[in-house]
Amino acid sequence: MSECRSYSLAELAARFGGEVVGDGAVAVQRVATLESAGPADIAFFANAKYRSQLTSTRAGALIVGRAERDASALPRIVCDNPYAYFARISALLHPARPVAAGIHPGAVVAASAVIDASASVGALACIGERARIGARSVIGEGVCVGDDSMVGDDCRLYPRVTVYHGCTIGSRVIIHSGSVIGADGFGVAMEQERWLKIPQIGGVVIGDDVEIGANTTIDRGTLDDTVIGEGVKLDNQIQVAHNVHIGAHTAIAGCVGIAGSAKIGRHCRIGGGAIILGHLQIADHVDISAGTLIGKSIDKAGAYTAVYPFEAHQAWRRNAVHLRRLDRMAREIHELHKRTEK
Amino acid sequence: MSECRSYSLAELAARFGGEVVGDGAVAVQRVATLESAGPADIAFFANAKYRSQLTSTRAGALIVGRAERDASALPRIVCDNPYAYFARISALLHPARPVAAGIHPGAVVAASAVIDASASVGALACIGERARIGARSVIGEGVCVGDDSMVGDDCRLYPRVTVYHGCTIGSRVIIHSGSVIGADGFGVAMEQERWLKIPQIGGVVIGDDVEIGANTTIDRGTLDDTVIGEGVKLDNQIQVAHNVHIGAHTAIAGCVGIAGSAKIGRHCRIGGGAIILGHLQIADHVDISAGTLIGKSIDKAGAYTAVYPFEAHQAWRRNAVHLRRLDRMAREIHELHKRTEK
Amino acid sequence: MSECRSYSLAELAARFGGEVVGDGAVAVQRVATLESAGPADIAFFANAKYRSQLTSTRAGALIVGRAERDASALPRIVCDNPYAYFARISALLHPARPVAAGIHPGAVVAASAVIDASASVGALACIGERARIGARSVIGEGVCVGDDSMVGDDCRLYPRVTVYHGCTIGSRVIIHSGSVIGADGFGVAMEQERWLKIPQIGGVVIGDDVEIGANTTIDRGTLDDTVIGEGVKLDNQIQVAHNVHIGAHTAIAGCVGIAGSAKIGRHCRIGGGAIILGHLQIADHVDISAGTLIGKSIDKAGAYTAVYPFEAHQAWRRNAVHLRRLDRMAREIHELHKRTEK
């Protein structure tokens, strides 16, 4: 939280649109929450839960929606989508740290690899034979990019990402530390009481503008490719099995597991810890709640949930025991119906 | 998907058995799915779901089971277990990329480590004091093998695997990137409102022919060892806590968590995202469904499940609210029974 | 399990307290379980489940609680908290392997980094600009510490830990391999059918005496910091999202996911695989059962659970189908009530 160039509200509105209300000459240096902002900060209001802070904030300026145009006396920018507006201002005020182009002498780069002159390859990174790294991409310390893998332009692979051989990564892709792209899918055949490994000879194809969190794993396909559509956003510790397809602009929260050959639509949102079983199809614009296991295909947009409501432990014990008697309970009710109808 | 040596059906049957039906001189270069196969490919039929593709496939040849002997006019190999047969052909047609023996000059190998002359140690790998790497084993880039740890013959540790000190890995073991073998188990004792660490002085012992997926963790034992039996197959992002034993030939899908001191039998299959609590015993030949929490020992082979069925969100809300009233509901039914019996 | 210095029971009691019963001159070299102990070992009894082993053990000496003072004829130390006592003796008998101070020539350390002379930086570690490593801390092989990050005194970062830029780690902190501290939180805003990245410009602050398991991820805050209180113990493969606060001395088992901005109290215990949704508050001294999803704030100490009880698969099928009919079932019961009241 350090950069020092400041911008006036008028300058910000000239770049990003919106209406300035109040003194457009007021300058801000940082973005902040309503609660922690000071006079040099611009804060944003995008969650009704924090409405009371609109009056108490010490921010120098605000970003608010049309409906809150007059909810504050502070200098402010009024816009349609304050959260997105905040994102844009934050990116302007807090740009990513620049990384010098060039290959660190401590990197290990195969002779046949093609590294764009504007790219950066960090210390102790390994780039395999015939691999390609595109313009302005930053390959962090200790990253491994396998033989024949391609990384597009303007990508950022943080330290200790592993990309196996034969994977294709688009442009403007961000991959966080510890993620593994292209490990073998979990393919085994049973033969005479032993598991026989199925070679995994497909690859992984990742579209443009994808972001992948820390310690997420995306396995290579068995025969064809595992495919992550453009604009997909994956959080940390997600497991994507072989031959999965994730449609464009789908967002998936942490700890989700997606089993082999599942096909997930475009513009879906999947909550943390959800499990999607294999060989399913999920339609476009499906929202899946956190902690929900999806065991059948979903062919219709909408929200889907399977969450067991928590209780104090003793109350849970009393209630949960009946789950194993539900069928009997249903039959008893049926019996009572018949009895009372007489 | 590149190798170019081709094999005739007759050659394949000579190696792997099965009956050739049709022209045994037909040669294939690759394996493929029924859907994507072309004339140089051999496809396989092992899942009834894809039966319609048996007639539409453009494959040059097929692998089919006895029951489908006459379900296609294509040249074909008829066998008992088409999926396993496919695995064997795939391994033949798509062999693992050969890796040259020797220690990369950028590796850091302790003076007292013993590396077989036929083994390969990649760039930026670290091999500790008195560690041993067996014949033909391939240690990938950035792998750490700790002091006194042993890796058997014909193993493959992909880039950025970590093996702590004092762990023993059998032969023909595959470990994928990001996995951590032998970190401290989660052992703490409460003393005066603070947690006291319990030293974890056991090790990890991994049997022959085990495969471990990406970013899986297997903790060392507290006093005795954590033990993974021969032929066990672990998918990605599995957590195996201290002192766990997993019996031979058990297969575990991604995102499973196994708590401390659980003992899992042989030939079990555990679905993705399942949780096994600590100090339990699971019998041999137990199948546990994805997403199921096992909170008690299972002493009998069979399939076990605890999955909350998902619904459209509004329907779920209407139904789930009653889970906290199940006990009352049961008492009401009982009351109605008594009342109607009068 | 190797160190050879032995201690008599009298020496141990002089250090750690407790009452020696029997021959205080008996010396022990190792700690062990009741079951596996031999004559040179001291075993402990802290779990009633293993009571029968008190008589069969071949241990040379025992650690027991007050209630078991006379439950064995072996030389023994009687104390209030045998498990904690065992932890202390184990740490004495099995000290951590000493690591020589100094910077390995194969490490990559920025010129402006400040490494205490008593610290150790392993081969292939990368230390960024202006980073600080405190006294006696051990930075393992392949660890990355980003620009401006600080590691306190007496810390241990095992191989291949990644700490991004601008993170602060207290003293006596242990972080296991593969963990990632300070990756970007999962912040996106929807704008015209595409996700816009929210820059994550907060940091991570980790208190003293924290332990973090293998492959755990702790994201940096969006604007403010993610905070892990002192004495917190995190197991493997835990996901801690941006802006989460975890109160002091809370212990969290493996595979737990904590969503953004959740505030967890002090002295809580969270079981494996639990999910805590975002923007919640959990009071102090709350215990959450394994596999439980917490979707609302908890303002009262106590134990909370939401676990679906497992059954043999066929029985589960019969019962679970009624979960989607619970509301109808409740209405039917209500109807029966009315009918029978007439």
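By written order: A, B and C. Residues from 1 in each chain.
Basically, a contact is a pair of C-beta atoms (placed from the backbone, for glycine too) under 8 Å apart; a residue touches a chain by one contact, two chains touch by 3 or more.
Because the structure is a prediction, the values reported are computed rather than measured.
Trainee: Residue numbers at the subunit A-subunit B interface: does the shared fraction exceed half, giving same, or fall under half, giving different?
Mentor: Different: when the shared numbers are divided by all numbers used, the fraction is under half.
Trainee: Write the angle of the rotation needed to overlay subunit B on subunit C, where the fit uses Cα atoms and the result is rounded to the nearest 5°.
Mentor: The rotation relating subunit B to subunit C comes to 120 degrees.
Trainee: Using the average of all C-alpha atoms in each chain as its centre, how far is it in Å between subunit A and subunit B?
Mentor: About 26 Å separates the centre of subunit A from that of subunit B.
Trainee: Among the residues of subunit C, pick out those that touch two or more other chains and give their numbers.
Mentor: Correct list: 124, 142, 160, 178, 215, 237, 255, 307-309, 311, 320-321, 323, 325, 329, 333, 336, 340.
Trainee: Enumerate the contact residues on subunit C facing subunit A in the complex.
Mentor: By the definition above, subunit C touches subunit A via 108, 124, 126, 142, 144, 146-147, 160, 162, 164-165, 178-180, 183-184, 186-191, 193-199, 201-202, 215, 217, 219, 223-224, 237, 239, 241, 255, 257, 259, 275, 277, 279, 287-289, 292-295, 302-309, 311, 315, 318-323, 325, 329, 332-333, 336, 339-340.
Trainee: What residues on subunit B touch subunit A, complex-wise?
Mentor: Touching subunit A: residues 1, 31-33, 36, 49, 81, 83-84, 86-88, 90-91, 94, 96-97, 104, 106, 122-124, 140-142, 158-160, 174, 176-178, 209, 211, 213-215, 231, 233, 235-237, 249, 251, 253-255, 267, 272-273, 290-291, 307-313, 316-317, 320-321, 323-327, 329-330, 333, 336-337, 340 of subunit B.
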